[in-house]
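Every chain is named by a letter (A, B and C) in the order it is written, and numbering of its residues begins at 1.
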């Protein structure tokens, strides 16, 4: 272990700064500074046309009032949480299962991979529109499927079974689950690819040694795969939480927050307030409330999945 | 790992069934793109169109300057992917393997910015680009012209380095065994040399991942090019798709045709990039 | 290695900066025009006909037209104003005038207009869309009046001769004409979108108002307002003439009425357009009338209009572009591509497509007799979102109409009060 003061350490520090410099410069300019600007704006009233006016914590007070009264921002928090809980655990588990299946050395793996990645590659807007259509109460495939099911059930049971066509996106209770299903479908390939990269870098000889030692598949998974995948899992979890909390495009295209505010999410509120209502200050405050929530969640995640330094024995 | 035949068959069946669910919406998209408008909204749904209306594709491409948009999108996507690969891997290496003061704080800062939705940073970035000194007719103080708006530079720069790439690569670098580097250091190799000769080659899967994700994201990006570009000649493909949608109607057949065409290049890149996913470097011989 | 990386980057940067080197610095004046209502025909008209003619008449002037869909107009407009690159002339919608005027995003045009002298040619219900506190901020470009469109044959079958003349008759007729199959509605007696605009229609028909005269307080707690919402809710839940999720309309394709799934609807001229397009054989059975109303008859008119940016560096030229687009033949041609009513009498009278479609003449006469547009209020975007939520809450029965309106009325009062504050703060 190089100690912190010797020539090796100094060399490291120097290289570190050199390596970081160009990336960080760009990052500073185009990411950090706007974020700081947005933070400043969260304490202002800013309608984007005229210069911002300082109003202290009024925006945050308003958010607090909205939450206590179960107003629309509160609803967006609730909906976003629903979305996250619906998509993340299932999505990650499926992606891991898929990656492990594909890692098994089957033939045609590239075709499978491409197939599963296809939903990710297409623009979110186009995909949202196709799904809107699939969910369409009258012309959509899903309700058609229900009708076929009705007919089959009627035939099988001898009685008239009518499964009425569902409203899906038009029904306040079904809209969010519908969007959740679509999002899991879309995000599967994405997480699968990352898990694959992680799995690929686990050296074969570890598994071979374990098999020789008589370990079962579950034991192999638990002692080799899972621990070595922890950094990958931590990464996917943090990124998924961030992504889920910032979900926007599919909601905007498919339901625009309705019906009856059943699908409005935080970023949807931010977007509306920033660009429709011209309340950029309030929107920025909401963004930072969101940030605080995600930050805390991410810290918890990283702590839970700590440990990526591996000792190879 | 060898598996016996029945197990393999079962795996194939599961994967094919799952895969079918994945591509069903696409089949629907392709089917729609080949239908004449009258057949699109029918109940019961028509799966295989009666006539295959290939003309839709031609018409879709003629509806706007898609050739031009294609060039713009390629330039944008390639530039952003290249800069991300270079700068993110360098920064990630520093975060993962080098020791320096403030390392953790800086990393958390980088991570933190991912948690701010882009909608609230768009306006400051836009104003920054517009006021860029000595660009697009601007004076030293950044007034008078339109700065970096309507230019490739303005489109690429804000996206040149993403926290996502830094995060992913750092996690990945952390899984690499440190014995390799220690050995190299003892042999007198510089930090930069370690980065270039040892870490990068071992990271092909992760680099391929970041490359493909960045390319895909840039290819599909809509809002940013929409806001920055106001000249038709500078638009990107996704922005160009807007022509098929108006307030009251959507020309579905053309829209689907155009979407299919737009998806092909990224898919091709993915298919080729896949070989970098395969496990490459054997670690045997590195022990001890 | 780092040297290779650096030189690669430098090459890339140079390539990216190249376009900047080709910046022009000639004498052409560029006007930026944004259009939000367009289709392929519109673009052909503007790009191949209107703009070249304007440029020919004004040498040295170039018009850069951008077509931006409504979904993204607000974002682009906002950010362009923020960055100081706002378009010279741009199109906006019916609820925009208050917000634009209040924020200084639209130039008051009264001086230009009085010189021009053609304001009187416009339909009053269209013109009022561009007026805020007595000043005019734009020129109407497209109008869409909403009337009652109904199936004459189905109404006759249900035993009516003539159209419903009251709310009770409307509900009854709709109920009689509804065709059910178990829990499913196969033919809606009246097609009802869940929309704040439809609520406002009923509100006005009941003699109610959204705002007080001075536009500073909400009037949504009045008995008229509650009755109107109750009526709307009853149509869904009591008379059950239409499912709350709506009769199916797939993403803008064959709409409900034209696909023969509804007997009546309150809609703009697109109701006729759709019938012509998708069910032309039905056209002769389609009738048009003023919605029955309760205390008064009202035809809501939604008008899209053109505004001029106060940041424009060429205002006189921008005004000339606007008036050029507003010339009766040009205006008629533009409206023809989209099937909207030209907001000027001379254009409506001369337009060929208006003559080819006699029903459109009825739209015009109904608009002249009963037309009304939304009051000009700066906070319409928030209000329509909030009002929509209130209407939905009542229709989906999470609140009673009184509760929904009472709660929203309070929010609205707070919202309107804020405006007064800010106006003072700005001094």
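Rule of thumb we're sticking to: a residue touches a chain if its C-beta (ideal position, glycine included) is under 8 Å from a C-beta of that chain, and two chains touch if they have at least 3 such contacts.
What you are looking at is a predicted structure, and each value in this text was computed from that prediction instead of being measured.
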Select, from A-C and A-B, the pair of chains that is joined by more C-beta pairs in contact.
A-B
From chain B, the most remote chain by mean C-alpha position:
C
Round to the nearest whole Å and give the separation of the Cα centres of chain A and chain C.
36
Using the average of all C-alpha atoms in each chain as its centre, how far is it in Å between chain A and chain B?
16
Could you pull out the residues of chain B that touch at least 2 other chains?
41, 83, 90, 123, 192, 195, 250
Of all residues in chain A, the ones touching two or more other chains:
18, 22, 48, 129, 133, 138-140, 274-275
Multi-chain touching residues of chain C, meaning two or more other chains, are 2, 9, 71, 75, 78-79, 82, 250-251, 253
Contact footprint of chain C on chain A as seen in their complex
18, 22, 45, 47-50, 53, 72, 129, 132-133, 136-140, 162, 164-165, 167, 170-172, 252, 258-261, 272, 274-278
Could you pull out which chain B residues touch chain C in their complex?
40-41, 63, 75, 79, 82-83, 86, 90, 122-123, 126-127, 130, 135-137, 145-146, 148-149, 151-153, 156, 192-193, 195-196, 223, 226-227, 230-232, 242-243, 245-250, 252
In the complex formed with chain A, which residues of chain C make contact?
2, 9, 71, 74-75, 78-79, 81-82, 99, 103-105, 182-184, 194, 243-251, 253, 379, 381-382, 385, 388-389, 392-393, 396, 398, 422, 425-426
For chain B, which residues count as touching chain A in their complex?
1-3, 8, 11-12, 14-15, 18-19, 21-26, 28-29, 41-45, 83, 87-88, 90-91, 93-94, 98-101, 103, 106, 109-117, 119-121, 123-125, 128, 157-161, 163-164, 166-168, 171-172, 174-179, 185, 190-192, 195, 202, 205-206, 208-209, 212-213, 216, 220, 222, 238, 241, 250, 255-256, 259, 262-263, 266-267, 270-271, 274-275, 277-279, 283-284, 287
Where on chain A does chain B make contact in their complex?
2, 4, 8-9, 11-13, 15-20, 22-24, 26-27, 29-35, 37-38, 41, 48, 98, 101-102, 104-106, 108, 110, 112-127, 129-131, 133-134, 138-141, 144, 147, 185, 188-190, 193-194, 196-198, 200-201, 203-205, 207, 228, 231-232, 234-235, 238-239, 242, 245-246, 248, 266-267, 270-271, 274-275, 280, 283-284, 287-288, 290-291, 294-295, 298, 308-310, 312
